[in-house]
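We call the chains A, B, C, D and E, going by the order they appear; numbering starts again at 1 in every chain.
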């Protein structure tokens, strides 16, 4: 099960890389979602270490909470992105936009 | 293995082969309309065979019923969506493949 | 029987991943969406088989939700996000 | 037995590597629509991963929210963005964030690789067996009012998290509303096929939501999963061009929006007054209280998620500005 | 009567009242303003009640649902939480009275529910003893803060809000990964239990790195401050006041709490503390110089926040030798900065409303035409600069004392430099309030409630300087800073 946790680490890093590297806000929002999935994967994968067939369910509840928080944040971010694009014509942040 | 086991194994394998055919079609067929055709094969027949194979094994009538329900849903939704994509593609002027 | 279930699940997963090529390749947006549809159906099949193999009936509910939500996503694509395609490269 | 382990292992390996590969491609590909379709596929594979990790509740949530609703949200947002870009005459390519300094640009992959290796090492350094809180959960299940452990944690043991989380949902909707309306796309009338699909699918979605809510007490399911499936019915109607119009600003509608968080908070307050303890459900009534909380939560979650998808503020808000 | 007061569930009121008040504001927009003001008033009163309670009974611990840690979530209140709650209550009162005048009807109906949810999130954050629950409160606080920051609309505010949203989401995710590692390493998310179970290990180091990084980003510690000036500079003034005074401090509070209870004793080698101190020093100098360079008043105040955050981190290197004194000084600074910075943003908002702009060079005799706002700005400035007898002076004095005693002259020099730079940017503004602009501007009336709320907060920031002894004794209820000294 460590394998899944390792992939979780990988997803977190790949997401962080894209978040820093790309300018487009939609890409940044996708990147945050991928990072979140990576963390959830770590939480759930390591919950299987109970030594029995039944995993520890507390992380499961935490991840469900996390998924709901993630969709809320995504919705807010997408609306903000659209409003910003409607103002500036571009779904990006850049220093030049500020006066 | 009982007779039922053999029967459902055959059905399951046949279903999986239809999925293979669907995927190969998706990959190999030349345009979207023919690919759609391949896809619906997997949706309807492939999943149908698998569902029947599993229903033979299922512990109760209720769970067999749920399996059938899922199949009907997938088939209905798949057919509708394929229709929408095909008509949408025609509207957008995506050409039919000619030899 | 267990081995057959797992073998089938693995086979279907391979199928699904092979289908990824079509999502990557396109060429039209509809092709990608179509491939995603096949993903959904394949995943439903995998879930049903795993449900039987592990004896966890809850996975059938997951499959049910999958089937339903895949349809909603597809409608969202058809109604909203489908751009006007460039008909020059629609076949390969 | 050997073959089984081998098969399971190859299944896991294949699933894991495709997850990572998909994530990489979807974050680095040129076309945003492709990225979103890949993200939906990614969510699908995540759900399979949850199944493999014996987390069917999470798989349900992922199937409904992660792959389903988030996908619809992203697709709609992209469509609106395209409209804005067409109107403004701007186009965009995949480009690097110019704000991050050039030096940083070369160092980030390296630094992130180090972070990943470090984290990977930490993950491996975890003790191989750790019961976590599974024993505490098992001992207290009898007093939780439900027989499904995840529901017991979400609604009872850690119900306070869930209470606050309902407010997170509500706040994000208020935020979306306060930013004002976004460009809406020209809607074509749905054809007969779409019409039939919706007519059949909406009742099924409602039934499945009710089933998931009910089953949550003793099996995977519950308010969040049911709420998202119910929200999907709303999303489908919105996609067909149905608009709530003036409803959004009416009091009954607003009451549904706040019913879940509100009832949760009021229950917490009342129990404090009665029992001197926040959210301490009396054992004999715990089941029924949890069911009441979950039912209102399902309705609120569904309406909030659908309203987030619509992302249009109610009319009354516009008039005053 | 006294028994009732002592036993009354103030903690429940502090968390639930703002949340329910927010719901009422949302449902009945006609009475949103009234409900909002009442809710904030009674929430502030409850802080008083809780203060009395823990003053008499010592620390307060409450097992939500009766389960108790590790299965359930515990609420916890000691002197440190009380100080943060008190700062929140003061600022909340001032900002709410101000907002009642500031927001016109359309914005008012949106502002009040979100603000009350933010208040509930802040109170919940200061009262929880559970690191996953902290994550949920962080998200609630962050999303509410972003919604408020973008309230005004327009290119600058939306850009600021977007930058803020990305920063806050990234910060929470990184924090959450740290929480995940701690849970799986030690089988609990309760702070007290973690403190007992945790031992120096790769898990602790990684969790500490992640949690510290996430919270540093959310606190806007240099060099992770990039998001703060645009967000705080372009939000509506009362929102800027809330963000600068309270929201960034909430993340600092978590970092401090976890450092004191869990990480400090385990990773406390001087390197980490020194790093925090260095970043703090850099923040002070960089933030102050940037503040001096700004031409817009609100951006200047925002950069000043970046600098003032730096002072809080100077306590880390000092605390290795003198824990209680250094932390008390830092918290005193945090409290007085909350009051002073809120007052400053509100005063700037008055000038902005009055003249229609916030160009520093163009303030045009504000001192004569808007004397109360100018007075509020000057008094708040006193506290920011650290002039006696203000609260800022006491905080800085306490910290200087510790630094001098330990012979940490480099810290002394940075603090003095920071004070001089602060004096420079504040006097620059004050100077412009006396001069006449080349072309006189149209002016707009500012409601008395907005003028007085700013002034009263500023006066409170100064008066705080006279309350050092009672505040410090309250702060030490439950010995929040003594943990590292008590455990062998």
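By definition in this document, a contact is a pair of C-beta atoms (placed from the backbone, for glycine too) under 8 Å apart; a residue touches a chain by one contact, two chains touch by 3 or more.
The structure presented is a predicted model; accordingly, all values stated were derived computationally and were not measured.
The fewest steps needed to get from chain B to chain D, moving only between touching chains, is 1.
Once chain D is removed from consideration, the other chains connect through touching into the groups A, E | B, C. The interface with the greater number of C-beta contacts, when D-E is set against A-D, is A-D.
Most remote chain with respect to chain A, judged by CA-atom centres, is B. Chain centre most remote from that of chain C: E (centre = mean of CA atoms).
Chain geometry summary: the mean Cα position of chain A and that of chain C are 22 Å apart.
For the pair chain A and chain B, the distance between mean C-alpha positions equals 33 Å.
Chain A and chain D have centres, each the mean of its CA atoms, that are 12 Å apart. Each chain gets a centre from the mean of its Cα atoms; for chain A and chain E, those two points are 27 Å apart.
Across the assembly, chain D contributes 36, 57, 69, 78, 119, 126, 130-133, 137, 157-158, 161, 165, 168, 171-172, 175, 179-180, 194, 197, 201, 204 as residues in contact with two or more other chains.
In chain E, the residues that reach two or more other chains under the touch definition are 132, 136, 139, 143, 146-147, 150, 153, 158, 177, 181, 183-184. The set of chain B residues that touch two or more partner chains comprises 73, 77, 80-81, 84.
Chains touching one another form the pairs A-D, A-E, B-C, B-D, C-D, D-E. Taken in their complex, chain E has these residues touching chain A: 132, 136, 139, 143, 146-147, 150, 153-156, 158-159, 161-163, 165-166, 169-170, 173, 176-177, 180-181, 183-184, 230. Across the complex, chain C meets chain B through its residues 1, 4, 8, 11-12, 15-16, 18-19, 21-22, 28, 30-31, 33-35, 37-38, 41-42, 44-45, 48-49, 52, 57, 60, 63-64, 67-68, 70-71, 74-75, 78, 82, 84-85, 87, 90-92.
Of all residues in chain D, those touching chain C in their complex are 3-4, 7-8, 10-11, 14-15, 18, 22, 25, 29, 33-34, 36-38, 40-41, 44-45, 47-48, 51, 56-57, 59-60, 63-64, 67-69, 71-72, 75-76, 78-79, 82, 185, 187, 190, 194, 197-198, 201, 204-205, 208, 211-212, 215, 219-221, 225, 229, 232, 235-236, 239-240. Contacts from chain C toward chain D in the complex involve residues 2-3, 6-7, 9-10, 13-14, 17, 20, 23-24, 26, 29, 32-33, 35-36, 39-40, 43, 46-47, 50, 56-59, 61-62, 64-66, 68-73, 75-81, 83.
The touching residues of chain A, counted against chain E in their complex, run 12, 19, 25, 28, 32, 35-36, 39, 42-43, 46-47, 49, 58-59, 62, 65-66, 69, 72-73, 76-77, 80-81, 83-84, 87-88, 93, 97-99.
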